[in-house]
């Protein structure tokens, strides 16, 4: 196994790191506090190709690879969980399914604006009554006399919801067929009958926009069916496989970011006339935290490289997300503990990282779903 | 210039020269500093000290240089020399140097001096040492300087009497030892120019001490008007306008008291600067800032103290919320009295502070202002 | 039209700087970065390239690992890079360095419409000498400390900063301009640029490439061609620690004010 990054990957990581430190970190506290979507950061990332990292240049992408995308989300999450998930949801949940399942016309129509970051993308699968059990879709799509689709229903907890202009949305086209009756659509914000609903107030990633999508006789042209009719559930599952790499990278970055803060703080803070870092408890805690995140990094990078090489990676992505998310929650919580009272205040970023980390155990498949996926691939029935 | 040979070291008997920079007919303060320093070097070499002054209608300001130690001033007066241009000034200076052959040429390391110096050195084919902070000729004085200002072992200080030049042992006793900071002030280096003349140095403004003015010496100062040729054809650049900064620039270098702020004011930038201004007012000083405050746009660049900013040596230097990175220390560590307020008791600024207070600058500064007001009132 | 930008790889002196016991810099312990002012020059050149379609070439003198830095500069949009690198060039002071770079730039060729750009100074030596000395050797007019650059036809107008204001200077191409940080904010590398930069043209000018150039002679390059010599280098001693006052309250401040009054400092 080659554990070395290519020269380009080393260079792109350096760029992400500089960008994150200079442009993203100074805003992290403010956008969390004010629950504000950092549009100015998205515009800057767009210019640098960060909204279409691993897609070919012919569609307006940057021509990078999946690992360099994962590293981008990781580096952003080290300083700001919100900014990381904006890139992750846009890339993995909207650009990727259009690129992987779209017709040439759909790709030419939608990808240039998405990949150049002119437009933000989102993904509508979850419904109030179809969360982990995504097969229970209640949104319906019915063909009208023109052959176009009429969507009715609503989606919830949609990341990038209020700011996105292009959505990949799932709806039941044939209830009788269950999973095989679900189809995927590309929906534009401007389509008649489409609206966004209530903005969620969240525990973490508070700068990220999360809202409901509402379809009231929303007309979607027939050419906007994504993939074949009835293949929506498969597209959703494949999309989530890729999305898990992004969320795993976000969790990874959050954990690493908390470690960076804790290392710095424990070397400054003096108690009992010694720096905190001189106590064996601190050293052991930090050693454990670092080891966990390093292990998570190997899992995340391995999944990304398998996706890049078109190998089967569903199980790898599930393991990466499961382990990275649970590690991030553990590590950020321990970081707060090392900071003591200061860690609990908003004066320091670790409490925000702890709040941000929790969601990585929940969205794009809870940790329990990841375990189901892993067990299935192990052949355990 | 055609017969000029910079490697004929023995031929350079023209004394020590100082480029005396003037802007709009006003002498730059650094010219007086350099004349004062040049006097010391000329005495050590037992030679004469001359200023060289370029401009248009500037003869009247030449004699004042004598009051600080110049034996004479070469005055090059010409309409085309009204404003500084690289081409015009380089040509005239190089031609006059070729004629009179000074041994040493000092130039103030201003934005103009640092444009002019390298161009002249390249044309004359000689060595130039940039932005010097200390100059010596006399070996015993140089060694004393090293003893006091370096961590060099005694045998290494002794070994500076000679240098290996092109594989041969060279006695440096008549060479100008030009000392300057490098690598952001982490390292000092002494440079010599053993094989070519004039040995050239640009010298950091504000570092050399201005001598006391002596009117009798000023009156005795000789004015020399060298021949030179300069025509429009020599000028490749055109100065369209010269604009003095509209806002009053902070005179950090000349200030007796500097109150500087650093990253520590980040939680309330305006409030922090206001406190510094109040303290500066009570102490009769000006406000400066660390590089972080300038890079963040909290203060304009003319406030910057440090390696890339200004070097100050006020009577009192107050550092509020400045950690004391080595770049900052390089610009203020020679202050007579350093007072540091920082909430981190391990901040490096405390290593050089005469008086340190470990606390929140937003709490300490108002108390300090009151205490100083009270102490002044009690006098 | 071409724009040739000189860049240098330098140790990052803004972080921890380690000095060897013999008073030399421990370069191995420090991160290597592109000299900050040089990035301002690159940015200015990129802006001019966007306006004029000029070809943009960077030149650097240094050891072979400087390739990484040159690739990074190409990832920002520079078209090609040349590394001037040879044992014979080692030990050069600013005079000899500018001699070698001038030869390299002359070999690339400076034509009527071309511009040479440099950063004002490098953070390792802080000399600000190499730019003007290249200009002198190539016989080009120079404008240093550029804080604004505009180009109209063959005339370039530069806002040249002084300590107490600025000059507006007009100069015709070809010319050399040195850039300061007030000029612009350097762009980041882009993802697309990074994935392209290793396929862009990259050349090494070694001793053999340049040895026949009239500027290149043992009396003008390397240690033997350097007019200056380092007599010694040393670290300054730490100023002795002063006194930490107890507490941070009213009494502490009164104590300090008392000391200052006693010493007649206030």
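Each chain carries a letter (A, B and C) given by its place in the written order, and its residues are counted from 1.
Definition applied: contacts are C-beta pairs under 8 Å (C-beta built on N, C-alpha and C of every residue); 3 or more make two chains touch, one makes a residue touch a chain.
Please read all numbers here as calculations on a predicted model, not as lab measurements.
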Most central chain, Cα average position: C
Chain at maximum distance from chain A, centres defined as averaged CA atoms: B
Centre distance in Å when chain A and chain B are each reduced to the mean of their C-alpha atoms: 55
Gap in Å, rounded to a whole number, between the CA centres of chain C and chain B: 21
Gap in Å, rounded to a whole number, between the CA centres of chain C and chain A: 41
Multi-chain contact residues (two or more partners), chain B: 345
Residues of chain C whose C-beta touches two or more other chains: none
Residues of chain B touching chain C in the complex: 23, 83-84, 86-87, 90, 110-112, 114-115, 117-119, 121-123, 125-131, 146, 149-152, 156, 159-160, 163-166, 172, 177, 181-196, 236-245, 249, 283, 301-302, 307, 315-316, 325-327, 333, 337-339, 341, 345, 350-360, 363-364, 367-368, 370-372, 374-376, 378-379
List of chain C residues in touch with chain B within their complex: 11, 13-14, 17, 19, 23-25, 93-95, 98, 123-133, 135-137, 141-145, 157, 160-172, 175, 182, 224, 226-239, 241-245, 247-250, 252-254, 256-261, 263, 265-266
In the complex with chain C, residue positions of chain A that touch it: 7-8, 11-12, 14-15, 18-19, 47-50, 53, 57, 62-64, 68, 72
Footprint of chain A on chain C - complex, ascending: 68, 71-72, 75, 188-198
